[in-house]
Amino acid sequence: MTTPNLTIDLCGIKLSNPTVLPSGFLGTSKSLLKRVADNGAGAATIKSVSFEPREGHKNPTVIPFEAGLLNAVGYSNPGAEETAREFANIKDVSIPVIASIIGTKTDDFVRVVDKLSANGFSAIELPLSCPHTPGFGLLAGQGTPESTKEIVSAVRKATELPIFVKLSPNIPEIGNLAKAAEDAGANAITAVNTLGPGMIINIEARKPVLSYRVGGVSGQALRPIATRCVYDIFESVKIPIIGTGGISTGRHAIEMIMAGATAIGVGTGIYERGIDIFRKICLEMETWMSENNFNSIDEMIGIAHE
Amino acid sequence: MTTPNLTIDLCGIKLSNPTVLPSGFLGTSKSLLKRVADNGAGAATIKSVSFEPREGHKNPTVIPFEAGLLNAVGYSNPGAEETAREFANIKDVSIPVIASIIGTKTDDFVRVVDKLSANGFSAIELPLSCPHTPGFGLLAGQGTPESTKEIVSAVRKATELPIFVKLSPNIPEIGNLAKAAEDAGANAITAVNTLGPGMIINIEARKPVLSYRVGGVSGQALRPIATRCVYDIFESVKIPIIGTGGISTGRHAIEMIMAGATAIGVGTGIYERGIDIFRKICLEMETWMSENNFNSIDEMIGIAHE
Amino acid sequence: MSEGFEQPVMMKIDKIINESDDTKSFMFRHNLDYKPGQFIMVWLPGIDEKPFAVSYSGDDFFGITVLERGNFTKLMHNMSVGEQLGIRGPFGHGFSIPADNIKDGSGNACVIGGGCGMASLTVLIERLQDNNITILNGATTKATLLFKNRYKDITIFTDDGSEGIKGYPTDALEDLHKENSYNIIYTCGPEIMMSKVYEFCKKHNIQCEASLERYMKCGIGICGQCVCDGQMVCKDGPVFDSQALSSMSDFGNYSLLKSGQRVSLKEYGEWRGC
Amino acid sequence: MSEGFEQPVMMKIDKIINESDDTKSFMFRHNLDYKPGQFIMVWLPGIDEKPFAVSYSGDDFFGITVLERGNFTKLMHNMSVGEQLGIRGPFGHGFSIPADNIKDGSGNACVIGGGCGMASLTVLIERLQDNNITILNGATTKATLLFKNRYKDITIFTDDGSEGIKGYPTDALEDLHKENSYNIIYTCGPEIMMSKVYEFCKKHNIQCEASLERYMKCGIGICGQCVCDGQMVCKDGPVFDSQALSSMSDFGNYSLLKSGQRVSLKEYGEWRGC
């Protein structure tokens, strides 16, 4: 029996396998992206970058709970200029690297895209969906079809790179929103960002643990909801989906692909299984695919809809 | 040291402790409510009842996953008439019993309230928040401030009993919605119903496991989000809150109370720890309260806001 | 929580056995940690999910026996070797084996099956081999008799006398008990039959264990669909002993339809049939 | 995943020790499963959370030693016995004890601490008691010297000569090594000092283990804040050996500010101070 082929074509970008490092995990430096590549990821996303530097929230910013992580990092990042410097010649990293870009106004997105234009990123991701940072994402009204169209159209004019739009699982009609992004020129949908927000209170301290009090939920808790979002989006758009949320095994990855994902994000899973989780997931996918007579990822995309 | 006092006053209803059986768990018969009372619950809610009988969805209707349960029971219930018969003389049950009432139109709610008026229920709960049953809750637009006001006002005219409005964790501005319910005459807020919906796909079968494909998420996955909802609602209304979502230990219960809940619902926890979970939670609360010098529930309500 | 599968696991049908005109057994290559009397939920993806007893159990296989009764069992009967079914469980509490009062091998036990209720009793019978047991098997007619050749010492009853003794197995109990002085009687079958067995046991102060059937949804003791007088048949049962049965006035009388409506067992049986 | 606490656990301060003018130790009654070199995150509810080494460790207690440096440590210094701090961890990888090359007791080890970096080394020193060790402790001046009376055989250095030998501990290394021929040198302190120790070890082919400090957010190896050349100090470190250090060109040179900006250690130190 031949080994199953894990390669995918993600709107023109070739990935050796469908696993993608999502934004906010390890994406602070080129050195870490190289390590992620060495550990088998198919592609990687840098930590979201705004035009100006941001310190983010005070600690604790990330806290594990029984069913995943709660985080309110607050989009800390060194700003567009410093990011362009840190990730210069990004092609040194052996896998495609996606630049995640945030802004409070449409203009901001374009300014960051411009700053990063010489870096050699493989795609631009727009997370219009953070549930817990004032001025950004949902808290800035970016989760509506109208503002999604506006931002995507503006970025579309500023770059030839594929544009990924990252959506929130909190949106009830997520299919419509994905459609709005597609109509405005997005080349892929990343689904999803964190859920909630949620809160964990330490009862002895009588205080929320996160210094920002609330934070987005990722990991196991998010997985069934992320799967449903991908399932819904798959019925609404033709562009590929990067299914993200709670994936930590090859089975989870295949479940997401059957729901309609072409690639899959693995973030919180790194905490659960270590940085080599990308390689582990690929091995598990290969084994399962061999046993179940699948030769390629393409054969599995969206088949739960049949 | 004296044993802490777990009694609460929930908008005029006296409970021996804050634990409440939420709707949809075991509330199909008077005999089960008695058993729940024997196992230490402070109050119990019957399975939601519509005017006409409903068979609900096909099996599987409930499925456990790593972080809780996924369910799409589809509001199966024998209808108002039969429910009035099954729960006749409900005062035989030693704890207050809450009637959960659903409808597709405002009128439906009132008709069911009328049918149950002679039963002796302690309160009426209106779950305007189911995320996965067509014609009901969110899928019928019942999660807006306007429709909430309309339904609550109509039921307010039809009964003197306290009205609990049960909200969805999917609503971003949950505080506003709670306020709308309070303004229309609700006496308490039950927060929250299930999250999502979510989907679990069996990859060998290549099909969603729930026959309805998607279902609401309860249990651990829901807890941080439910806690945040209660925290937000506590800042928006004066009426008490029944905090519900993922509670399975005394610590969880106290966390929810510190977020602002007066009573706490325990549903999925029954699966995790058995039907005597009500007694277990009360014991754990007593122990913790003794060790931390709390004498009553009242002293803890909302103190995470300070 | 269950120690088995919380979510359905797809298993290939390894063998199909025709047990009678309208009953087939489906065999799977899997070691299921199963206690006689427990049940599993069987899932037809996209169709429905129903509870079944395990009727064959070994180190590397198990099987279920299914009477064709409605759409779901019809679809199952149309399946072939190599096709897959989803299995979750096992769930619930099984029979006590050996019961305390026959642990020393001195006591006698009787096992009474009716119709496809026999499917719940076969693994029990095998586990009781080292004890003194009487096996009674009833069916409406010869063609629906199950497992008549699976055990040496089995007494067969048919309503129409087409095989074995004509009549109900319960009719023979009085004489058999005089002879064998049973310590315990295990039963599974139509509830009207089990209710007769229970009454008989009560009268003669024999321990009784009956395996009940109710329409199930969650299978894990939370939804309340399978209630029988404050007991959840899926979790507290499906096997109940004399003491539990004595407080269950619904036993032999009432059951819930899918909507939750409480009806007579007759009405339930008519609905359950299709 | 950590084997300790994933979420902060509130612990009462049991005792406070004044270690020097600007440094206090906070003791807790709890048996922490701690390996020397690991760190814990300390939470002041509603304020912030920072990493600290464990400087005291016993069967029913542990302690941390804190230099008053900015707002967070000032708030800690104002706390009293009976007040509570949130503790999660321990996290990361510690020192190898005994290192492979001194397992048989024949080899020699040297421990070099600088400033409050000594706090990371005390438990290590206690665990190494059965081996031949040299302890060097450096500080800017007498008043900031830590743990000078905690060990018998300790050689003290101050920049100003106000106590012990005037100069840096690294200045004495050449002579000490001639005499003792070290197999391993453990170090924690200002990175410029550790970097010197590392270079010395490299030249003489001695195994080196250094405990690095970077600003931390998650503490659990996912956010990338504490990166040092592809290594996460919180998870892959904070202790790194010669081999790891040799591939870390940022070691001794660069660190990330809270925003993620990569700056020289000097700039980092100035920011870190407040």
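Each chain carries a letter (A, B, C and D) given by its place in the written order, and its residues are counted from 1.
The criterion applied here is as follows: a contact is a pair of C-beta atoms (placed from the backbone, for glycine too) under 8 Å apart; a residue touches a chain by one contact, two chains touch by 3 or more.
Keep in mind the model is a prediction, meaning the values are calculated, not measured.
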Go through the assembly and pull out the chains touching chain B as well as chain D.
-> A
Taking each chain's C-alpha mean as its centre, the one farthest from chain B = D
When centres are defined as mean Cα positions, the distance from chain B to chain C in whole Å is 36
For chain C paired with chain D, centre-to-centre distance based on mean C-alpha positions, whole Å = 66
Which integer distance in Å separates the CA centroid of chain A from that of chain B?
-> 34
Distance-wise, how many Å sit between the C-alpha centres of chain A and chain C, to the nearest whole number?
-> 50
Among the residues of chain B, which are close enough to touch at least two other chains?
-> 65, 200, 204, 206-207
Using the contact definition from the top, classify how the chains connect: line, ring, star, complete or other.
-> line
State which pairs of chains touch, listing all of them.
-> A-B, A-D, B-C
Within their complex, chain C touches chain B through residues 1, 6-10, 41, 43, 45-50, 84, 86, 216-225, 227, 229-230, 232, 250, 256-262
Parts of chain A lying in touch with chain D, wherever the complex brings them together = 24-29, 31-32, 34-35, 47, 53-56, 58-65, 69, 71, 73, 76-79, 82, 86, 200, 202, 204-207, 209, 211, 267-268, 270-272, 275
Given the complex with chain B, which residues does chain A contribute to the contact?
-> 65-68, 70, 138, 170, 172, 195-201, 203-204, 206-208, 213-214, 217, 220-225, 227-228, 231, 251, 254-255, 258-259, 288, 292, 303-304, 306
